[in-house]
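There are two complexes below, and they share subunit A, which is joined by subunit B in the first and by subunit C in the second.
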Partner chain A sequence: MRKYFSTFLMRWKMETQYRGAALGGIICQMVFGLILISIYRALYLGNPQPMPLSAIVTYVWLQQAFFRMLLSSDNDLMDKIRTGGIAYEMCRPVSLYGYYYARIMAMKLMGSLLRAVPMLLFASFLPEGWGIGAPASLPALLLSLMGLVLGLLCMCALENITMGISMRTIDFKGFQALLNLLMTTFSGNILPLTLFPDAWQQVIRLLPYAQLLDAPIRLYTGETPLAQAGQVFLIQGIWLCVFVCLGLYLWHRNTKKMIVQGG
Partner chain B sequence: MNTIKLYLHSMKMLLKSQMQYPWSFCLQTIAQIVMEGGEMMAVLLVVNRFQALNQWTGGDLLFFFGIMSITFYLTECFGRGITGNFAALIRSGNLDTFFLRPRGIMTQVLCHAIDPRRIGCIAVGVAALVLGCRQSRVIWTLPKIFLFTEAVFFGMLLILGLFLIEAVFAVHSVKSIELVNAVTYGGRSACQYPVDIYPGPLRVLFGTLAPFGLVLQVPSAVILDKPMMGIDGFLAFLCPLTGLLFFAFMYFVFQKAMKYYRSTGS
Partner chain C sequence: MHFIEVENLNKSFAVRKKREKGHFTREKTIIHALQDVSFTVDEGELLGYIGPNGAGKSTSVKILSGILTPDSGKASVGGLTPWLDRKNHVQRIGVVFGQRMQLWWDVPIVDSYQLLKDIYKVSKANYEKRLEELVDALDLESLLHTPLRLMSLGQRMRAELCGSLLHSPRLLFLDEPTIGLDAVSKLKLREFLQKENREKGTTILLTTHDMEDIAALCSRVMVLGHGKKLFDGQLPDLLSRYDTLRTIRVRYNAPPDFSALPESCTLQKEGDNYIITYAPAKLPTAEIIARLQQAGRMQEMTAQSQNIDHLIARMYREMDL
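So, the complex of A and B:
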């Protein structure tokens, strides 16, 4: 376990090196957040909805803040798959899956925290109706944090499955674009899941993509009552188990018959 | 004329080289359709839930979405040299070779890339536009068709101009500047919806500074018979020209930046 933890720490330190690069991204993301909020404000002006506007605004800010958690992948690994450098990786005395799981987790966590903290600070100083709202209650905040951790674990496992498939197909651009679309649509990044037709939501909320950010955000805004938190964690846990098992199986199969392309 | 012939010729060659991998091309085009289709679905879902946005009906919103994606992705398709990764040209030192040839730098940059996969996104844009026209019962007349073509053409120049900002920064900093995305991709996202719904600062930004509002949306509003910002008639035909102005200004700045250009030496 220690070696995976130190992999995580190493990657964590690497990620903190690029603070300057993050700044441009943060401002860009803030502008996107403000644009989206203006649209929803204008829409609400004409047709108020049962879901309060403040909850939508909070939803948008949290989605924008943790955007990096959704869409970031290990480019080093992709290069290694393409160039054949993956052969060296197989010499490491660690489980390949665990090693890359720790790496991607550090990347996603640090990449998004670096951006989320200043963004959420900015959003909390904005006036009422523009800025992020307070959590429903203290327990709601704690439970949503726990949901976020579970969501992160799910996301990393999902990412590893994508990588596992990439190892087979070598070229993955088209495929990855499709997966990213599913991710941004059904995780609530393009449009908050709470604004989807009510009938759709019954199904969408059970999909794996909703577990990543949507579930913790709903806990935060209090839309999911505290009593149902256990149920949410259960769904997240089930998906996590499914993804990890599938990923482990896929990577195990891949390492048994790896085809290295030149290199 | 010679330049245009050269451009068309290189487009043909690039297209031919991309078509060497037909399967990969097909898959990536489908991916583009699905991606842009997802964005369109978001608009449809918004219309489904809210019905209208101020004076704009669902059909109008689809029209705005359609004209924006058609313009943006036509630019990405034919102006790939600039909208793609201009910073990489500088970093790799490939731009140096452009200085040795007896043609303008801008011509060569535009000639060196094309992105035909964007046809997928453009198709989705056309679908949204047709759907929007039918729902809003747009009656096409000759002036309206002219206005539409004008808006799209100058809209493309405007978007090229916006991407040139990033290119100019890249000359100075070598790395691409993520911040400029706020006006390029941010502009696309924001102006999928009519600009008059936005609060003051954003309206000024996307209405006049990065004039998507004047170039694309004022003409769209006239076509929909719901003039925006009180601009109608002859004035509406003049508005898209701001796109040309913007491009001309950025072209001038770009040429200046090229004078300053120092090779990275790689």
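So, the complex of A and C:
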């Protein structure tokens, strides 16, 4: 286990090397957040929705703060697959799945924390109707953190599947563009899932994308009552198992069939 | 039981290339990278692995290091089949691919070493001892806290080598380790590899195009061409097959008279110097020297054997590679 933890720490360290990029990301996400909120405010002026505006604003800020957890890939790993540097990883006494999982998790966690902390601080100082609201209750906050951890684990497992598929297609950009479209739509990044038609929500909420950020945010805002938290965790847990099994299978097959060409 | 046993190894790749006309059709060619290759290596041997580009050298190194699964054939390294028992197998081997990077690009190399220590489960005491030894031998002291991306090619190569040896592997695969190194670093690296082999008993399999490396390090060489094993034996034996010509370079005080020189040797003029090429098997060297002395008063004379690269090029030509 220690080797995977060290790998995690190493990738964590690497993430802190790019503070400039993090700052750029924060500013970009803040502007994006403000624009989205302006749009919702305009929308509510014309046609109020069942969900209160303050809850939507909170939703938008949390989505923006953890943006990097959803939409970011370890370009280093992709390069290794593309150029054959993965040959070295195959020469290590580690499970490749675990090794990549640890790296992806460090990148996603560190990347989003670096951005989320200053962004949420900024958003909490904004005036009412623009800034992030407080959690529904202390238990709601704790449960949403737990949901966030499960969401992160799901996300990393999902990303590892993408990696496994890129090993076959070598160029991952096309495939990833498709996945990102699904991700931004069904994770609630563009439009909060609560604003989708009710019938749609029945399905969308069960999809894996809803487990990543949407589920913990609903716990935070209190839209999901505390009593239903167990149900949320169960769905997250099922998806996590499915993704890990699928990923392990894919990587196992890949390592048997992989050919690294050239010197 | 030998340390490495390879029996009838076969591997072929399908290489697709686009036809000259038409964008949607592709031609598929099968390349036989290895064809029935068999050999054995004993523990503590230092084996040189040569052959022209595309001969199958890297393919066999990849199979033996567990990265690639062969189409058919058997291989065992210290009792384990590399591609079936990858995790246990790679714990005991070290690999240097001269063309690729294993250390982390953005962080100081010592951090990468720490990670390798954990990955290979090296104890703290062993790690510290070994690192000191390697840092000393590879002259890395001043670089330990520098990220890889700020290093020159030669420095990077040395840092990579250190990374591959931290866990004191029993078997070391070196795929073109001296690529891009300056003369001083090259000599240091050779000295170091010799020491590892002699003192630690590390088995080393060296792939390179630098014949000087092979000549300096390996007593046994294996020649691979078109995926087949063509020679396996001592380097001097291999060279003597092709090393059939000698040259002597002479300069005279006054224009010489070469009429006494036998016809079987060739004569070239290069500035003030004369270059005589002959086959010592047919014409003893003593005889040639005696004749050259008859030709006039010599100012200077040097005997040269043929450049090893020329010999290998000739060998590849004659083997039709």
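We adopt the following convention: the second predicted complex is superposed on the first by the 260 of 263 C-alpha atoms of A that agree within 3 Å, B and C clash if a C-alpha of one lies under 4 Å from a C-alpha of the other, contacts with A are read in each partner's own complex, and residues count from 1 in each chain.
In the analysis below, a contact is a pair of C-beta atoms (placed from the backbone, for glycine too) under 8 Å apart; a residue touches a chain by one contact, two chains touch by 3 or more.
All of these numbers come straight from a predicted model, not from anything done at the bench.
Overlaying the two complexes via subunit A leaves subunit B and subunit C side by side, clear of any clash.
Legend: residue contacts after superposition of the two complexes on their common chain; A:L206 is shown touching neither subunit B nor subunit C.
By the touch criterion defined above, A:G25 lies against subunit B but remains apart from subunit C after alignment on the C-alpha atoms of chain A. Seen from the Cα centre of subunit A, subunit B and subunit C lie 90° apart once the structures are superposed, a value rounded to the nearest 10. Touch criterion met: A:I35 reaches subunit B, while subunit C stays clear of it.
Once the two complexes are laid over each other on the shared chain, residue contacts for A:C91 go to subunit C alone; subunit B is not touched. Judged by the touch definition given at the top, the superposed model places A:Q17 against subunit C, while subunit B stays out of reach. Contacts of A:V149 after superposition: neither subunit B nor subunit C is touched. When both complexes are overlaid on chain A, the residue A:F196 reaches subunit B alone and has no touch with subunit C. In the superposed pair of complexes, A:L43 makes contact with subunit B only, with no contact to subunit C.
Here subunit B and subunit C sit at a least CA-CA distance of 6 Å once the structures share a frame through chain A. In the superposition on chain A, none of the residues of subunit A is touched both by subunit B in one structure and by subunit C in the other. Of all residues in subunit C, those touching subunit A in their complex are 13, 58, 62, 65-69, 86-88, 90-91, 93, 95, 97-102, 104-107, 111-112, 114-115, 118-121, 175-176. Touching subunit B in their complex are the following residues of subunit A: 21, 24-25, 27-28, 31-32, 34-36, 38-39, 42-47, 49, 171, 173-175, 177-178, 180-181, 184-185, 190-191, 195-197. Subunit B meets subunit A in the complex at residues 24, 27-28, 30-32, 34-35, 38-39, 41-42, 45-46, 48-54, 175, 177-179, 181-182, 186, 189-190, 193, 197-199, 202. Subunit A makes touch with subunit C in their complex at residues 2-3, 5-7, 10, 13-14, 17, 76, 83-85, 87-88, 90-95, 255-263.
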